[in-house]
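Two complexes, one shared chain (subunit A), two partners (subunit B, subunit C).
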Partner chain A sequence: MIIDAKGLHYRELNEQVRAAVADGETDLTLLNVNGQRYIADAIDTPVSITIEGVPGNDLGVFMNGPSLVVHANGQDHIANTMNDGKIIVHGDAGDVLGYGMRGGKVFVKGDVGYRVGIHMKEYKDKVPVMVIGGKARDFFGEYMAGGTLILLGLDTGGNGQEEIAGNYFGTGMHGGVIYVRGRLDDYQLGKEVKQLEMDDKDREVLRAYVTEFAADFGMDAEEILKGDFVKIKAVSHRPYGNLYAY
Partner chain B sequence: MKTYQLPEVKIERDKDRCIDCQVCVRQCAFEAHKVDEDGDVYSEDEKCVACQRCVSLCPTNALTIKDNTPFVKDNANWTAETQKYIWKQAETGGVLLTGMGNPKPYPIYWDHMLLNASQVTNPSIDPLREPMELRTYLGSKPDKIDIKMVDGEPVLNTKLAPQLMVKTPILFSAMSFGAVSYSVCEGLARASKELGTFWNTGEGGLPQNLYEYGPNTIVQVASGRFGVHSEYLDAAAAIEIKIGQGAKPGIGGHLPGEKVGPVVSRTRMIPEGSDAISPAPHHDIYSIEDLSQLIYSLKEATEYTKPISVKISAVHNVAAIASGIARAGADIIAIDGFRGGTGAAPTMIRDNVGIPIELAIAAVDTRLRDEAIRNRVSVIAAGGFRNSADVIKAIALGADAVYLGTAALVAMGCHVCQMCYTGKCNWGIATQDPYLEKRLNPDVAAERLFNLVSGWSHEIAEMLGGMGLNAIESLRGNRLHLRSIGLSTEEMDILGLQAAGSPMA
Partner chain C sequence: MKGRIHRRNISGCGLAGMMSEDGRLMSGEGIIRSMEVLHDRSNGLGGGFAGYGIYPDRQDHYALHIMYDDIKAKEMTDVLIDEWFEVDAEEVIPTKRVPGVGKAPLLWRYFVKPSADFNECGVCEEDYVIDAVMLVNSTVEGAFIFSSGKNMGAFKAVGFPEDVGKFYRLNEYEGYTWIGHGRFPTNTPGWWGGAHPFTILDWAIVHNGEISSYGINKRYLEMFGYKCTMLTDTEVVAYSFDLLLRRHNLPIELACKALAASFWTDIDRMKAQGKKVADVYEALRMVYGSGLLNGPFAIILGHANGMVGLSDRVKLRPLVAARKDDMLYIASEESAIREVASGLDRVWNPKAGEPVIGELKIPVSNTDAVRELEETVA
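Right after this comes the complex of A and B.
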């Protein structure tokens, strides 16, 4: 089913999307999307939504199952507090992706902004995964409490940044794991994390996600996996355990 | 390191009465009571937190806890408390931590306000025999309503925003599962259903077994986003975005890993034993526009069927912030004054940051009226409401309803010892220890809460009737029914009150 978003306020567009999902539509295409917010907000059904144009902030917020494909750039707060589903962005994306995300996948082909993967968390079999093809700005993985973040640093983005990531990388991190294709300088890292060598299990996890990512974007997974990867983890699950005078 | 801290309380055990039954030994999680090899019970003053659990349960009334504040020679500056804090930090290097609300002797403005009553000219109303309306609707009200006539009958032609209907203007404040025990949550939920009011999950998620109380539940979305998912949002009657709380404005929270057991883990959706960290800000909110974005993401998620509340602490520019929140699209603004409680806060912040709720209510109500947007939001006031008189004064000052936190805990047995952060609450309230939690029976907790709010509601009805009013609506923001006593003209100006004894305008 096709919905033309041209000239629609987000409220009208999202009403139409919800109505289509309620009617049992499983495959939606949204045309002429131009900054409408909250697309697929809190939708619980595993529908597929293809988005033509640039969706607005909070794409997939509270989402719980759908698969979204964006054939353009994305904006801020993609996958905010997302519970399940998958979001593929064939371009760059903005700030604060995957805030509090608890499950599902986000794949961005290009570069991302600040505070990406902030406070991602995991619980039992719900392990959120975010793969960024390009480069990231400061505070990547801030407060991260669970899940898997992968930063590939490929030349796929449009923000022209040289460094694979900014500063304060993983600051406040206390769970989960980040894989980076490349080395970071120590000054870039938050004080709660350290860089570790990859082990066989890491390589296995990485291979699975990179293979899926490459397939989604028509890229060569083996070529990507040839890079020099490093693992970044929190030093402690209780970063503030000794802060207080009891 | 040997501590220089001195015992603050003295445990007196009347040996003529004590039967060495060891109830006190079993009841004290702080291990202030012990038994020696001969079976004689004795006490260690320095471990006592004065929660009065042992005193309440001692079958022979053998125990008394007495103030034993160390004597400090000739000094109002270096008090026993000041010295204690220095020693604590000199011995640990840590941040001073405490629980509950600001206990310092700042002015309590409620005690400087007097209510009006009718005499002769407009008769008072007896609520025992005449209708008295305490019902309150919380939510955004339209600027005007349009009524059309259909077949000679008036029909409302304006679409109203979703409202929360409370039978009495008293709700239970946000207290998160994790900070408080499951029994507390169940007691609050059941009492809310009985009373026709609402309890608030705080940021700890909604335990699965309490989803049936959803129609009486306000769920919170805080910076940690713990347990927030579409089912949780759908279950609730309203959603509250927590920006701040009165006990610790401007900072976030840490639920220590020790309190994250199996049920807390499942409810917050984080692994057992890991710290639950709530950052100080929401990282998707850096402006009023961003706040609006989160408000509307929640409205979209629930298809505009539920009121969205935004909770802030009362700080110096609270009136301007409240105006921004109203314009951002919130249906309810909850304001928490600096006497509002907490399960854990840095002592210096609890005792020194924020302003009293009385001043905040007046400032916010005045500002929203001046800007002609007061109808767009309801205001719920929180932060240390002690009795029904405080509540009715808050409504006369301009609040729509109040949140009770500490008073509800006291009703359930809390004796305000301020040790919530230790997780060793002997009353089964601020603990996740199954042995301690069992002490709070949810049936009893719900009954005590029901009784408290019923009693206060009767008193509010009596006071309203005394003023010649038959609906709480008629009192809201009606500051002519309040007079100040013993306040400076500046304080009276902020509160919008005339002096006691000045004639009706």
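Right after this comes the complex of A and C.
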């Protein structure tokens, strides 16, 4: 089913999407999207939604199951508090992706902005995953509490950035794991994290996600995996765990 | 709110700017459309625009846009204006009734030149104009000069930006640079004078965020004769750029580095790496310590010769830039740019604290320095 979003306010567009999903539509295409917020918010049916144009902020907020494919750049706050599903962005994306994300996947082909993966979290088998094809700016994985972030540093983005990531990398991080295809200088890292060597289990996890990412964007996974990866983790777990206990 | 369903506003201010570096003139309709996409970032308590190149027939005159609470405020201001300036023309700013823009103050504009004997004051022409603006804004009850540049003008009101643009009939003007703003006031009142842009001479600022250092910036600027009268933080940004760019003649890159200063840790690291520029950044922090803008901000500065976008050092507010041919676009969201431009050459997220700069290929000569240079060459 096709919905023409041209000139529609986000409320009208999202009402139409919701109505279509309620009617049993499983495959939607939204044309002429430009800036409409909250697309697919809180939808908990595993439908497929293709988005032509730049979706507005909070794409997939609270989403629980759908697969979104964006054939353009994304804006800020993609996958805010997302619970399940998948978002594929064939372009760059903005700031604060995956804020409090607790499940599902976000794949961005190009570059991302600031505070990506902020406060992602995991619980048992709910492990959110975000793979960034390009480069990231400051505060990548800030306050990260769980989940997996992968930063590939390919020249697939439009920000014209040389370094793979900015500063304050993993600041406040206390859970989860970040894999980076390249080395960071120590000054770029937050005080709570360290760069560690990859072990076999890391390589297995990485291979699975990079293979899926490469397939989605028509890239060569083996070529990407040839890169020199490091693992970044918090050096202390629950640093304030005892603060209120005594 | 009587008779209305209360809805929580999920908002942050919205910004957009577009400029033709070739100096091609564009109707104000484009910037209205661009701002309309950002409608949900503001809450109807302030919208405004500035256009450059809009008064070609009177480009040598300062265009004073003034809002008056009542006719008495106008009478008192007129006395001062006659004393300070030679008035070439005076008229009501054309507006039309638009739903969404409420009762307006009296809106007038004057095209003026400083009085023939202004040199007796011992100040340059631009400082003379600023003194007059500050005098009216700080002493005349109910009168606010909200625009005072040459061949440019600010237009602002309480309302959503797209309504404000229609209210001021901006589609009837043509400019080579337009900037726009939709306001979501948090700490200060939503009144007509408090809408953005904030201007002095041809500098116009639209801002999303909050200048937490307002107090120290205000006191610093007061030492140079600027008076903060608009009841909101953004005003200091306009005066800061006037101080740094015009009076202190800093290049735009350095002025931005003074306002969004490098962190000391970064300066120290650059020094350790033997980077000489670190000394410049250190000097800027030492000289302009009280001018540093702290807090979250994304701003667009418009001026006679160009447009600048800048965010705070840790990027607490959004800013996107794009180029196509001779056009530079800057906005809070990419969608605001896409609405008015297709087939962009490049779209990117600028680095925090680093300016995006658009410059007219043939600059307008409007500073003393350029005038002197031209006279010397001639």
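The rule we apply is simple: the second predicted complex is superposed on the first by the 239 of 246 C-alpha atoms of A that agree within 3 Å, B and C clash if a C-alpha of one lies under 4 Å from a C-alpha of the other, contacts with A are read in each partner's own complex, and residues count from 1 in each chain.
The criterion applied here is as follows: a residue touches a chain if its C-beta (ideal position, glycine included) is under 8 Å from a C-beta of that chain, and two chains touch if they have at least 3 such contacts.
The structure presented is a predicted model; accordingly, all values stated were derived computationally and were not measured.
Engineer: On the A-aligned overlay, A:Q195 touches which partner chain: subunit B = first, subunit C = second, or both, or neither?
Structural biologist: neither
Engineer: For A:R37, select first, second, both or neither according to whether it touches subunit B, subunit C, the two together, or no partner.
Structural biologist: A:R37: touches subunit B and subunit C.
Engineer: Once the shared chain is lined up, is A:Y99 touching subunit B (first), subunit C (second), both, or neither of them?
Structural biologist: In the superposition, A:Y99 touches subunit B alone.
Engineer: A:T156 in the overlay: touching subunit B, subunit C, both, or neither? Say first, second, both or neither.
Structural biologist: neither
Engineer: Have a look at where A:S67 lands relative to subunit B and subunit C in the superposition and call it first, second, both or neither.
Structural biologist: neither
Engineer: One more residue to check, A:T171. First (subunit B), second (subunit C), both or neither?
Structural biologist: A:T171 contacts neither subunit B nor subunit C.
Engineer: Of subunit B and subunit C, which one contacts the greater number of residues in subunit A?
Structural biologist: After superposition, B is the partner touching more of subunit A.
Engineer: Counting only touches as set out at the top, which of subunit B and subunit C does A:T148 meet: first, second, both, neither?
Structural biologist: So A:T148 meets neither subunit B nor subunit C here.
Engineer: Touch test for A:N80: subunit B only (first), subunit C only (second), both, or neither?
Structural biologist: A:N80 contacts subunit B only, not subunit C.
Engineer: Using the touch definition from the top, say if A:N14 reaches subunit B (first), subunit C (second), both or neither.
Structural biologist: So A:N14 only meets subunit B here.
Engineer: Overlap the subunit B and subunit C contact sets on subunit A and report the shared residues.
Structural biologist: Shared contact residues on subunit A (touching subunit B in one complex, subunit C in the other): 10, 37, 57, 76, 115.
Engineer: State the interface residues of subunit A toward subunit C in the complex, per the touch definition above.
Structural biologist: It comes out as residues 10, 34-35, 37, 53-54, 56-57, 73, 75-76, 92, 94-95, 111, 113-115, 137-139, 158-161, 167-168, 187.
Engineer: Touching residues of subunit C toward subunit A in the complex: what are they?
Structural biologist: These residues of subunit C touch subunit A: 37-38, 40, 265-266, 269, 314-315, 318, 320, 333-336, 338-339, 346-349, 351-352.
Engineer: Considering the complex alone, what residue numbers of subunit B touch subunit A?
Structural biologist: Touching subunit A: residues 88-89, 91-97, 221, 223-225, 228-230, 233, 254, 256-257, 265, 269-271, 273-275, 277, 279, 283-284, 293, 296-297, 300-303, 421-422 of subunit B.
Engineer: With touch defined as at the start, can you tell me which subunit A residues reach subunit B in the complex?
Structural biologist: The contact residues of subunit A facing subunit B are 10-11, 14, 18, 37-38, 41-42, 44, 57-58, 61-62, 64, 76-77, 80-81, 83, 96, 99-100, 102, 115, 118-119, 121-123, 126, 142-143, 145-146, 172, 174-175, 237-246.
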